[in-house]
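The structures come next, written out as structure tokens.
In what comes next, chain A is part of two complexes: it sits with chain B in the first one and with chain C in the second one.
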Partner chain A sequence: MPETMTTAAPSAVTLTIDGKTVTAPPGTLLIEAAKQAGIEVPSFCYYPGMALQGACRMCLVSIEKMGKLQTACTTTVAPGMVVHTENDEVRNARKAMLEFLLTNHPLDCPVCDKGGECELQDAVFRYGAAETRFMESKLHHEEKQFSKLIYYDWPRCILCYRCVRVCDEIMDVNAYGVAFRAAHSEIIPNRGEKLECEECGMCVDICPVGALTSGTYRYKTRPWEMNYTGTVCNHCGDGCKTTLSIRNNEIIRANNRDHSGINGEFLCVKGRFGWDFVNSQERLLEPRVRRNGSQAPASWDDALGLAVERLKAVIKEHGRDAVAVIGSNRTSNEENYLLQRLARSVLGTNNIDHHRTADYASLVGALTAAGAKDRHATMAEIASANSILLIGNDPTQQHPLVALQIREAVRQHGAHLYVINRNRIKLAERQAAVFAEVKNETEALASLIGDSPSGELAALREKLQAESDTVVIFGSEIQGRDVQRLVRWALALPGRTRFVALGDYANSRGAADMGLLPNTLPGYSPVSDVAASARFESVWGGSIPSKPGRNIREIIVDIDSGAIKALLVFGSNPAKTFGVSKETLAKLSLLFVADLFPTETAAMADVVVPAASFAEKSGTVTNLCGEVQALRKTMRKAGTRSDFEILLALARLLGAAWPYRTPDDVLREIVERVPGYSIALPHLLVGGAVPTRPEGAPLALERADLVFSSGDSLFTSGSVSRFSWALNAPEEARRPRGHIF
Partner chain B sequence: MSDYESYLKGSPLEVQVISRRFRIPNITSIDVFLAHDGYKALAKALKMKPEEVINEVKNSGLRGRGGAGFNTGMKWSFVPRQSPKPKYVACNADESEPGTCKDRPLMEYDPHQLLEGIAIAGYAIGSHQGYIYIRGEYRYLMDILDRAIAEAYARGYLGKNILGSGFDFDIATHTGAGAYECGEETALLNSLEGFRGNPRVKPPFPAVVGVYGCPTVVNNVETLSNVPAIILNGADWYAKLGTPKNGGTRLFCLSGHINRPGVYELPMGFPLRRMIEEVGGGIPGGKKLKAVIPGGSSCPVLTADEIDVAMDFDSVAKIGSMLGSGGVVMIDEDTCMVKMALRIMKFYAHESCGWCIPCREGTSWLEALLERFHSGAGLATDADTALDVSYNMLGKTLCPLGDAAALPTISIVKKFRGEFEEHLKLGACPYERKAVAVA
Partner chain C sequence: MKNIGIRDDTVRPGRSSGGRRRNAVFYFDLSEALPYTERMAKMLREVTGTVGALAKGFAVTFKTMFRPAVTENYPAEPVHFEGRYRGLHVLRRDENGLEKCVACFLCAAACPANCIYIEAAENTSDHRISAAERYAKVYNIDYNRCIFCGYCVEACPCDAITHGHGFEIASYDMNGLVYRKEQLLEKPPAAAAKP
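Coming up: the complex of A and B.
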């Protein structure tokens, strides 16, 4: 959420707070002006970026020449104002408010989830009294389960209405209301007895006390018993920063604890609750090898040994192009880089691809060709945009952080949203200035940029051309040459047009950037580009095949035809995503799968090895805006190995001498060798998101069916969400996709 | 049909301005109203400049009859003249202050007078839409008003181009759902817009940001009912009816221990003692007066020794209470003041909207404390705690309801401390004991 404060304008107001001279722009709230001067005014209901309530009265301060105390959260600065935040009157008022709050409060701190990180506890500790004069019996209402993931404990609620506002104003879901009145006022779901919402848990996160608690975290631990590690959500491509709270080697909770990074305090249901797949009982924990038709447990040595033995045999008998590799949308940049190095320089083939969920190659190619390689929008630039063109996709379902940024742009500074979509998506219904409901986004694009756009598209184009600055966001519907056309047309709009392609998963963009493509090296130069290849050959030794390899559709066809005999699959489930049949996969001499779970593909494998999840490894990922962030190892899962370790072992067994000892070693090579990735490492290390500027002249998209989105909903995440309790438990998860709350 | 005689008993001391038509048969019908100077003030106002109308009202000394007593013309002048947004008039007919029932006869017995006042206010501030927000329990009054509105439209006193002046004005009624707090002007606006009836943060004030974020004048029924007479007879005439800065007359609602309870129109500044003794006919059964609530339950109570006061806003304020809504409640010597405090607090603890902490928790705390204390289980510290809790609410809440709950409590604890001590000593309510003994 953007800060409400702006930097001092020339017409700044000067006032005095606690004897300090303070200068602030006109319109600044007293509480913010005080904060700038290093003076904390306690507050509960005030929350930057949300509507003012004047409800908790904690922020009462005394202003000279005003008869009574005033709320610092609703009073704006005025010239010459003299404010006291620490005199007896103010201190007594604070103490009184806290005494009031505690009258009906259960004071069950010893068992409350919030104990230790509760704003009420902290305020009482700092400003309150040690004894109570309240002799009456406390009011009580029973706790309610608002949903499987969210519980409400009325007696603890201080009625600050943060939950109501975050859901309404920030999430645009409006799931909460207030019922009854006086001391019986309570927070209720707006649509019946239970919450009907996105289950993002923003309300739980923002609740200052233990009134709203998380269905996955409640009564499990005390905050001081956990370790905290900042990392990146592994679900969609938005790349939210998150802090995993770990106890006894188990994730207990996720929240973006310090509110830093591209997402502030935001996490969607997947980020906040859907990490539990990591703890799933169904995780693969030992390698398995197929012997006499069925898989049986094996040691790591046996499993990798068998895989390498078969690989060598296939290469010997059928040549290097009888081997193919399918990579992942979720593994780290370092792992992806090593995977394509394994394919290109160890196995000696360009038969490498992945499920492409957005056409990054075409976007980079088009921007490079137009001399506009810096026109990738950052996540923050979406929220600060004046105008946004959204073609295809449904960010509310598929890219919750992008959707939030779009809503914030509209809410905070009245940005204009233009939507072209075949469905009446929520952003179109709720935020769009112009919505063109079309049969097909590709045809609509042709019409939009053609000679005579039809209907709504004409109006949309006219308005766009009058905008000062536009961010263009598009889904997988726009691909190949259409990306080039869109880029060329949109760059001619007024201002610095910037672009975002919406790829499905945590490292969809990184997979493309790192060259998990049959015709493209890391950084988007074609494999046929001798100079580009030399960049890598000079450190890898040997030579990279210059002929483009098979794409994923061709790989599948050639498994069937018998031309491909060995397939290595890392963190991908082509049997489901591409509908590869068991019969086809059975034709392989070697199907090697590294995965977290016994997927449909893993079930057919000759060798399956248990891979580590995002929480169990270090490395970097690149979000759909091209921003690189660091994954940090938070825990270990006995029996698993990271893809990094697996790849290192395979390379060694295949006779390659790789110099890497840690993912950092690989990252340094990426920074040095991959065009656009020469990023500042210190920023990354402190948890920042570092933009990349890839450039290259990749070959044209080979065919249309290579780029498609899985169309996940808020509650699904490819093959992974099946193994999450939290993503299946909410009622809403069973609603038809696209259901608008 | 009409039960007005039960509370419009009349008194020779009355000066009837806004109640002058109450007893005319069929006055709610527009023909009868027109025969008694009806809509003449509107016709006159439409020939004046809007600023002239505002000045006339300002100079008349008309002050808000809803309770706060703000100069009405002044309030109108705060509405921005040039506004890109539409402007509104919201008539506050939520009348819920205990002891107050004066807006009721104004709507029941002279609805057209109110409509005329609203239309003039609309003309003065440049509004084309008025709303009448009526408490849910007054549903039957809404029917009377709706009929009057329909008649006014039919005769061209509402709607497009009123009386050929080019001025358009509409009025719609809206009913509340039984919340005292919805009489607070910003809670009223929320409720009118269909939201929960809790107040809004002020500033901005309704005159600048009101209904749907547009400039809005909120005025009480009685306030607006006074406007036609002011326009017809002039500011000076009206001002002279009352005391300095307190123009006109006021509908006082006498209730409690009084021989002739009812609504009486008396000049501003009428002495309270005469009001009780001459207008109200004294205390029943020859009992002694113990206390008086001078302006609705939200005001500090006056003791029997304090009733030599002129009933206008400034004089009552001078002795530490308020003229408020005009609800004058007499309390006789046999009344337990602890129970009185409890009864008042029960009302506020029930009606607090719950939005802000001190009022929500304070009223509930005080209710429980007074309940316990009155039942005989009091502690020596309770009276001081009650005082302190009240002071912790006073001036610290979002809207004045918190003050309204604190002020009577403070006054009762301070002025009738002896009764608290008696309860403590006896371990029971002395008045209830007496009652038992007598029986």
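Coming up: the complex of A and C.
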């Protein structure tokens, strides 16, 4: 059609696919253009975002004026092209290709884990080639265990090389290769007999057939037997959307095949396999109360009654300042909000803190002071940035999704990565344009923004000056005044800059946002701010103490000195994180712990109550970029109660009449009252990630040892990972911290 | 009154019968409406017709008296079934005595009453239950709900589940109607050989 060729704008190509007129930018692959027009061209080896392979020949289409059938995955659109994706010639060719794929493929669909969600099965259903014409017996190899979590069944493999490419290109681990030739080709681990990798399971997820299977899901059930619920992973702070598959109130597997959320289909080893702590036999399932020196099972009424009785006695005898509260990095925003309400308006103390893993207060304060509160980068913006400055932390180990976004930025559109780190981290080794290996990130920052940076830092600064769009990512190494200095300097760079602080856990950001801090109300206003206090007092009733409370280090010191007599701990393990000794904890009149597991702190408690895990409750969590996502209740665990219910019960017993019936009621109050959290609920409820824009003028960071990262690896997750089989079983879990795969 | 013997229930007010008499009940017509000969002829027809019908009916009765009985003397004697009778399910074993079921869940998927519950597990070399990689660790059929439609048997790719001829499952306890794998499974060949 010459008309089309002359009239089409140079920026768009018009072609005809199955009679439909389709317009696509030049360079678009035919398979993608067809997808946009709602026409599905089947393919095994083609996968969006990865290198083209052209191996499976399933996407053959007929193009007029071209002699032979063409592969839609490698052909780009051309003006006036007329394409047929479903005529007899194409159907016959696809059927023949399927017949070839099935020459050695066993028809063990009833046993195969992929049965029911297998792309090959679907294609055979569509084109019909299930009856083989080959009389020869099929080749067979025994199944191999590549690792504790990944198995490989050679006969089922159709050699699409998706696993090889996803591991190399997307994960940058390159653990797989192909050995031998033709019909004897075989996927093999690149380093020895066993896999030596991050065990992310992306290869299992992306395998179109049942060749690569998961060590935790193997032969347990079938896809149609499970219930699927989209929720948010509870390990690191990245906030990956995950779809939990539930059968009989037990999580069977986790993946994100619907590509929803900020992470698409990506999950790391913790997200894909590390949920099994929820099913752990060691979960606390009944309240325990210490009587005569040892803990014994008790009813909920007894446990909460005793806690409240002792709390009242402590307040009566030693005053409200003798009570302290330690919150969690993993509980939902609603629970954190209620916890600080309990502390501030019911117990009447500001002695509330949590393990801060990044200095969000300083970041929000610095951005507000600079009038740049919209400069929090979202997770998607990391991948689309032109340049990234990474100071401290090791995202590959601690924040796999952030690391993926950085790698994608570099791989997909050549973004420049600048790394300042004391260790030779993987991103520095593999992706960095400039890597400044320093002794200490704080000193390096001072040098970078000072008058005369030295060596690599000078080169780094010079290049950053030329960038148009930079995302600054920093770990807990940069805190307090350094955050302010960094923000002020980076905002003054010629290009646009945005910021991300890397907090360790699922709701580290939310804990800070919701005011689990001794001197800060929800939304980063100081407790001394009368107007901000009034904002909450008007709904809570009573008054909020205006004197900043004790931070977590002071709480520990004052337990020892005897000034603090009652400590409430929710989802935290200060005995391990802060090294609080048994002797110190024994000085308390009341140590109340709500947790999933018998941790070191719970072992010392006077009252322990079993809390529900992330899979067993609803609510919202905020990831390290400040994006709010909804947790959905996917299952029940007999014996446990969510922190929301525990807090409600405590408040009731302490004489406070709270109006909340569900976490949604609390969320509504948060949206109404917390600055920056006036988010769009519809987007949240359909599973979206809604960015928040907190602003406030929090007080300066009290001391240097309050903000520190746990330095988790890919296979650890605070106090939780030790109760997971999948995070301890792989050989790789025993590699030294910082090992590069 | 004429034709008192004919009770016509088709002619009702407001209903068009089209003049056709249906559901008419016939009695001997003793009225004077018909001539005598016609009345007599009619009566004789009635009598001969009735006798004929009785003879025909009793002919069947007497003939059947000399045929072998088709009813079963249950429970005194065992019941005989057609081969395709859909009774209590039986889970089959293969020639090596291994369970045929590979826990593919297709029976459970096909079941319209949703009465089949399966838990699958993986075979190991020291603990082999079925010939394939997977076997049914738990296989329950809830006979409270089963409608014996046979879809499960049709769906089974391994011919593992079949209908047996068992039917005596009535129970006073609903819980007893959830049959477990051990109850459904065919006896192993060695055990079956023993008396």
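One rule holds in what follows: the second predicted complex is superposed on the first by the 730 of 741 C-alpha atoms of A that agree within 3 Å, B and C clash if a C-alpha of one lies under 4 Å from a C-alpha of the other, contacts with A are read in each partner's own complex, and residues count from 1 in each chain.
What we mean here is this: a contact is a pair of C-beta atoms (placed from the backbone, for glycine too) under 8 Å apart; a residue touches a chain by one contact, two chains touch by 3 or more.
All values derive from a computational prediction rather than experimental measurement.
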First (chain B), second (chain C), both or neither touched by A:P110: second
Partner chain in contact with A:E225 - chain B first, chain C second, else both or neither: second
Touched partner set for A:S185, first chain B, second chain C, both or neither: first
Touching partner for A:L521 - first (chain B), second (chain C), both, neither: neither
First, second, both or neither for A:L306, with chain B first and chain C second: neither
Partner chain(s) touched by A:M97 [first = chain B, second = chain C, both, neither]: first
First (chain B), second (chain C), both or neither touched by A:A532: neither
Chain A residues touched by each partner, larger count belonging to chain B or chain C: B
Touched partner set for A:A343, first chain B, second chain C, both or neither: neither
Touching residues on chain A, where the partner in the complex is chain C: 108-111, 115, 143, 218-222, 224-225
Residues of chain A defined as touching chain B within the complex: 52-58, 60, 67-69, 74, 92-93, 96-97, 99-101, 103-104, 133-137, 139, 158-159, 177-178, 180-185
Chain B residues touching chain A - in the complex, by the definition given at the top: 179, 181, 196, 198, 201, 349-358, 360-365, 368-369, 372, 379, 381, 385, 388, 392, 395-398
Complex contact set, residues of chain C against chain A: 102-106, 108-109, 119-122, 132-134, 157-158
